[in-house]
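The same chain A turns up in both complexes below, where it pairs with chain B and then with chain C.
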Partner chain A sequence: MSENLFAEPNLKQITVWARGVLQNKDARDVVVALTEAAAQEDKYVQAWENYVDLPDRVYVPVRAYAKISPDPIDSRYVYENDAPDVVVLMEETLVKNDKILKGLKEGGILVVNTRRSPEEILNFLVTNGNLGTVVTVDANSMSTAVVTLDGAEGATDATGIGAGISAPVAGAVVKASGIVKLENLEKVVKNPAAMRRGYNECQVMKLDKIEPAEPVKEETAWDLLKRMPFAGTVDSPVSENPGMVTGNWRTRRPVIDKEQCTECSTCWIFCPDACITRTDNGMEFNLKYCKGCALCEATCPSGAITMVPELDFKE
Partner chain B sequence: MGKVRRISGCVAAAEAVRLADVDVISSYPIRPYTGIMSELARMIADGRLNAELVYAEGEHAQLSIVYGASAAGARTFTGSSGVGVTFAFEVYSPISGERLPVQMAIGDRTLDPPGDFGSEHTDAECCRDQGWIQGWAATPQEVLDMHLIYYRVGEDPKVMLPQYVCQDGYFVTHILGDVEVPDEAQVKEFLPPYKNHHVLDPKKPQIIGPQIEPCMGPPQQYQRKQAFDNINEVLIKAHDEFARIFGRRYDPFLEEFMTDDAEVVIFGQGAHMNTAKAVAARLRNLGDKVGVVRLRTFRPFPTDEILKRMSRFKAVGVVDNSAQFGISGGAGVLFSEVRTALYDVGDKVRTVGFVGGLGGEMITHDEFLKMFRKLQEVAKTGKVEKRAYWLPFEL
Partner chain C sequence: MSEFERIPSIKKAPDEEYYVPGHRTCAGCGPALCYRLVAKAAGPNTIFIGPTGCMYVANTSYGCGPWRVPWIHAQITNGGGVASGIETAYRMLIKKGKYNGEQPNVIVMAGDGGAVDIGLQSLSGMLYRGHKVLFICYDNESYANTGIQVSPTTPYGAWTTFTPAGEVIPEGRKHFPKDNAKIVAHGHPYLKYVATGSIGYPVDLMNKVRKGLAQEGPAYLHLHAPCPKGWQFPPDKTIEMAKLAVQTGMYQLYEFENGKYTLSVQLKERKPVIEYMKHQKRFAHLKPEHIEKMQAFVDAKCAEVGITVPVVAAAQ
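Let's turn to the complex of A and B:
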């Protein structure tokens, strides 16, 4: 009964995933541009950034959110969108993150900034539960990313909205979802030409069959209480910290040519996350924690390490 | 009329500081209030605000800087969050004791542990009895307005006391809301320039905060109490003037929502009350006589207003977004004080305490629904089986 009582059937949710620091601004611009356009249509809107993510870590996955509704928004005081209608990835390798489609509404839309086709993107999805449409847009070729700390922590962003890759991405969102009128989006973005290119040139693929997602059983407060260690202390991690898995920060992966490797261990010394182990079989990388910083590649004296785009690997 | 912008509580606070033409600001970073200071730094860099911004080496220093600056006749502003608020604790009483109308923004954050940056009112409520005016704003618009109103009240010659303007961390500091930023001319009309009563002046040297004999303790403290007793009258007048000039009318003490024929109400402060209102509105559609009372001024606590206006309800549920261990009543400070205020009406109004949203956790629609249902049960049976509930474990 309570669920029906608080239902907001006309509320649309948009969740934008991006890479920390470098894409904070463009991610925020997508949600701000869409909500500002919706406000021109007399909709109730809310745009905000995730407060719990670590926005000051380069490449860490971060999120920005939008809510748009013809009715007043009752569910304003939340940290996340619980059931997005549209999920946007500002960078393609985020597609490997198994949390991106969490809670997606049935028939939901995924928009990815990539040169690849929707079919290719679909291959990388851990689950495509509830997904109805995949859209790809090569925003990087249509505009230049804006990197700034302006507007961080809820402060004013004086650099304007939608000058960077946010413009074509927002255009692609509108093409796939019709969530706002194109002309209203055009009024609020600083680079309307790039926005129109995103709208016109994105590739939209409708999926024939939706595989409804298994509902995830959330832990109750009592479960968490049982799990809570005495006084909140936790054992210090010895080799791996399960509370801070950083492999999903990586967009490129180090690959070693063992023919060329002299096993000098320079990479082992320089790796800031101790992700390299010396084994009988040469140097091994721990990809669960490797952030893809490429210091190993930069310091290797024999040129044996190459950084390869993450999406060249299925796993 | 001013221009409407979609801004965060942090930016709204900074806009108020700019409009109040503050002279000296002291800062030290801590989430979530930091956005206020970064915004003020930008305003100064852009030439929109002519003020001295001093980067302190910690919160104790922050408060000491505005203490001195205020004594020298400057209008001052500072702020903090969580453990930053408590680190500065020593300086709060001297500032109010010296009757310096310093203003401080608090973007609520839990005290450690838990080591997180979510909102809890615990930080600000620790300072509740230090002789400062204290209130909670629930939206960015109210943040801007409350900063202006509190400067006027604190600097009133009958008052001359410092003020905390509190806003929930993240829920208000970081979520954007529609804010009408008023014109400078309107603010000039509302807020006269700050005039200190005993400006530090090399030509007329004086000691502030000197050591005194015990016999001078009672008169000095009584002076501060008398000033505190004057606040309500000045607060009411300031709100009337604010409504006249800016066209926005707030009740100085209690905002009532759907209370006209309400039998049970939720009472609390801050942004969570907006969720409570949304739940009350849905329950009204089902015919339930429920409402919400939101406390705006926490210090001075409006005991008489509560007694006068809330004794008409059958049951009052008090929501505390704070952890006060071992407090009378077993919930939080709001519950304890509302019970005290309603003591004189005896069994006529039943009170129940709810502690929720600790560590910055949301208080959900469902939780408010459960609270309303519990209150309706209490109103019907007239029995309070359990005085206080810690959410989500006990309800």
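Let's turn to the complex of A and C:
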């Protein structure tokens, strides 16, 4: 997207990242709640999901977007937020994803649903370019996630807006950004008490210094088109498919106790992603692609595999 | 049937992978595991045909794919037709001396939509004409790729986005599922081999793939592949669901050859169907009378193939 195609100085963009299927609804609710509240303030608004991330798959990072502006939104047909003012992570391990702050405006805000402190979250960021504020909110302790396929891909949503963890997360967004008035958000969400807790109990850390983002050469749509085979042939991969690296789907990683492992191969045969290799040194996990489904842990007959939270590891 | 090498155990299964890491299938995806096991059993001289479904869309996102062997997309309607053409082309090239290699294994990997519903005519045509193709249905009991809509294999009582449970229809899905293995088994004179398999029983599944490929004509495998997204269970329970389906008789494992059913797993008793259904949110709305109806249906299906062991509830 060319930088000056739309001059919209008053436009605010909110990008919400979440885990596919399990948090799709809550991610959608954050953008819908905030835009519904903004609409009550006579703003021009837009809320939608990233079509590229659909159909969503269990654990795949997915994005929901909001645009809020006092002026008509000229860029309303642009299907991705290219320069977010606020980035929200519905699940903490998404901080390891190097794409989350892409395009962030100078002084932008990062809101993370986590029990950890803003300092800890800052430690995991691959880059903090342009970041001005880090906010953490323990939404899981304030509300229960709504896991539903309602409202996805043509289905009717009967569960309402902001009944789950979206309410406290939206509250934290308002605390840090003031993007809408609290009382208007309160009118929209189904769980206003949790929303208020998110607003009141989130931790806001302003960074002393805003480090400028490293300029990234943007690939144009034409470049992308030239690379994309359509109705054509592509080479078969040999040992892995580098076009679809899935390691950043994982919220927990398998750790094996080789003393307890009997090398029975049960975990190996049941891995849908072929991420376990039998070696002379026992079972080896391919963390570049492991999605963290935990079938290896569930099927291991000797209890040798344990799923460990991803943020227990820096790398 | 030609000779084939049986895989004796999990431990002795071949290390080589032909469905490699790097695909956009759900964490804990049953059909993905299905693909991996089929590819492992079939080996390098294989061509896959992928009618539209999760195993096309999720595997080929953004112009790449996880297959180490040739793969081609077919429309959801015509997996059998595309496979017939490829099989015949190789046969003719070999006959005319224009291709020196061995006839490849031609395998269709169709979802329940591509095998049981939209693609059934093409499958039937292929079986009727007697092509040497292994047609596999990975059955996740819904149109999962487009967001979980009902398919003909969706079980009675299951919630889908097209069969929501409500006041008028409290059980959601009213129909009992279509039984494709039996539909194809009893109407195709040149069909050599029919079997059902499950990802919960990987050695059995892989040997059925090899046996199907060893036939001198068409073979059909119907493979049960639990779907964590559509059936709404945690991704680490995929194998448990697959095993429970067999242990409750919800899914029956057998081979059908020469007009006879041979059971693949010798159950001592069956668990009640609730043991399987209670883990899946798609059945969460059902009332006891619906569960009873399901139990009666499953009892009849088991009797049909010769599973006669009693249903025994677990001790409290």
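Going forward, the second predicted complex is superposed on the first by the 292 of 315 C-alpha atoms of A that agree within 3 Å, B and C clash if a C-alpha of one lies under 4 Å from a C-alpha of the other, contacts with A are read in each partner's own complex, and residues count from 1 in each chain.
The definition used in the following text is that contacts are C-beta pairs under 8 Å (C-beta built on N, C-alpha and C of every residue); 3 or more make two chains touch, one makes a residue touch a chain.
Since this is a predicted model, take the numbers as computed values, not measurements.
By the touch criterion stated above, A:Y51 is placed in contact with chain B alone, chain C being left untouched.
When the two structures are aligned on the shared chain, A:A294 is found in touch with chain C, with no touch to chain B. After overlaying the two complexes on the shared chain, residue contacts for A:W222 are found with chain B alone; chain C is out of touch.
In the superposition on chain A, contact of A:N97 is made with neither chain B nor chain C. In the superposed pair of complexes, A:T246 makes contact with chain C only, with no contact to chain B.
Ranked by how many residues of chain A each touches, chain B and chain C are led by C.
Shared-chain residue A:E153: touches chain B and chain C both.
Of the two partner chains placed by the overlay, only chain B lies in contact with A:V78; chain C stays clear of it. Across the two superposed structures, the residue set of chain A contacted by chain B and also by chain C is 152-156.
Taken in their complex, chain C has these residues touching chain A: 10-11, 13, 15, 17, 19-30, 32-33, 36-37, 57-58, 61-71, 145-148, 161, 164, 199, 202, 228-230, 232, 235-240. By the touch criterion stated above, chain A contacts chain C in their complex at residues 20-21, 55, 57-60, 147, 149, 152-156, 227-230, 234, 236-246, 249, 264-266, 268-275, 277-278, 286, 288-289, 291-295, 297-299.
Residues 6-11, 31-32, 34-35, 38-39, 42, 113-114, 117, 170-171, 173-176, 271-272, 274-275, 278-279, 282-283, 286, 362-363, 365-366, 369, 392-393 of chain B are the ones that touch chain A when the two sit in their complex. Against chain B, the residues of chain A that register as touching in their complex are 2, 5-6, 36, 39, 46-49, 51, 74-79, 152-156, 158, 221-222, 225, 231-232.
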